[in-house]
Amino acid sequence: MDLLYFAWVREAVGTGHERIDLPDDVATITALLDWLAARDARYASAFADRTRLRAAIDQRFVGLDASLAGAREVAIFPPVTGG
Amino acid sequence: MDLLYFAWVREAVGTGHERIDLPDDVATITALLDWLAARDARYASAFADRTRLRAAIDQRFVGLDASLAGAREVAIFPPVTGG
Amino acid sequence: MIHVLVAPGPIDLAAELARIEALTAGAVASFSGSVRADDGVTLLELEHYPGATEAALAALAADAVARWQLQGAIIVHRVGPMRPGERIVLVATAAPHRAAALDACAYLIDRLKTDAPFWKRETRGKDKRWVDARDTDRAAAERWAIPAPDA
Amino acid sequence: MIHVLVAPGPIDLAAELARIEALTAGAVASFSGSVRADDGVTLLELEHYPGATEAALAALAADAVARWQLQGAIIVHRVGPMRPGERIVLVATAAPHRAAALDACAYLIDRLKTDAPFWKRETRGKDKRWVDARDTDRAAAERWAIPAPDA
């Protein structure tokens, strides 16, 4: 699965893109964030306040409770500030 | 006093501008329209339906009952259709 | 900055927008209207009341600048004969934030239709006809909660 | 007609407006936003989500075209570094009548701020800071009575 990070999330985790093999028991974006945070202190720090995070699965905005079933690309980022 | 006519009012009375000496007893725009209509059949026809007429005194929009006291320029025209 | 122009000849959209963008950073909203051909009109003629028209437009622009704290407002209106597809009118506003620019732009075009002395005559083939004022234009002007002059 | 462009480099306002005016007669409304310098910003950087951004803007434009029966909608958004005074975004709409063009233009810029994956970073002197999302932008998007995605 491809993971993408944008804006300060990208800076905090130290990369904009990585490829992972998703464990079978990680079923939602929240579970994915927990799994990544447990692996690395930088991720733990970046994902500490979940109210500051938004997500997309295969380029569609979703809530953090969304299922990862069938997902090929997951993006984690702050609330958007364009325009 | 200068009288100006615009759009179909101008075409109906046959001129866009004329200069008149206003009789002392003509005190409002309505009275002016009556006086002009009594003088000439074309004016009588143009001014027959007063609901189709608007007016300005010295380039400010006014109602037909407005006083002519001190007026130098009176304009008679249909409702506006710009933009 | 207030810029009002009533003149025959094409409206230069790029030049007018450059004028208002030059004086600000933030938000610029614009509206342009052009002659519709879809109802068979082959020529549109715009008559106006010289002097009174410019004064009415300048007063309208000044009103919008004060009401929305604009950095600038532009009103350009073409007069004389024009063809389908050609611009009749351009309104543009500048403000630090988007809501003021957008609202003021809508205000200016709504009020211009009821407050400024212009008259349209349409030609369709050999038929020439003065355009009637529309109740929907009065209603649009009145939603801004300032009574429109009865014209 | 829908035209969406996300790219570095200056936004050519005149060329984009010519594009939308060419396809219609009637009303064209536009909004452009540029970088404000009044709060000490010396550089603005726009990051986006390639692919997802264009898809979000195209969906938004298609939504506006359907909702207001537009003849066309344009959304152009600059990305990368830019200076105060330079344009960030341009939105333009075309319709036979003014109310549709004006309302759709306001809708597009309001929704773009909450629905498209862009992130701004401001530089003031040596200080770089990611811009926080604003509650007023969510409120502006929500007044259109379609729930905004939670992003």
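Each chain carries a letter (A, B, C and D) given by its place in the written order, and its residues are counted from 1.
The rule we apply is simple: a contact is a pair of C-beta atoms (placed from the backbone, for glycine too) under 8 Å apart; a residue touches a chain by one contact, two chains touch by 3 or more.
It should be emphasised that the depicted structure is a prediction, and the values quoted were computed from it without experimental measurement.
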Lowest number of touching-chain links that must be crossed from chain A to chain C: 2
Distance from the mean Cα position of chain D to that of chain A, given in whole angstrom: 26
Rounded Å distance, chain B centre to chain C centre (Cα mean): 26
Between chain D and chain B, distance of the C-alpha-averaged centres to the nearest whole Å: 50
CA centroid of chain A to CA centroid of chain B, Å: 74
For chain A, residues that touch 2 or more chains besides their own: 83
Residues of chain D engaged with two or more neighbouring chains: 33, 98, 109
Interchain contacts (touch definition) - all pairs: A-D, B-C, C-D
Contact set on chain B toward chain C in their complex: 4, 6-8, 10, 54, 56, 59, 61, 63, 75, 77-83
Residue ranges of chain C touching chain D (in the complex, touch as defined): 13-14, 17, 21, 24-38, 84-85, 96, 98-99, 101-102, 105-106, 109, 140
Interfacial residue positions of chain D with respect to chain A in the complex: 33, 46-49, 51-52, 55, 77, 88-89, 109, 112-121, 130-134, 137, 149-151
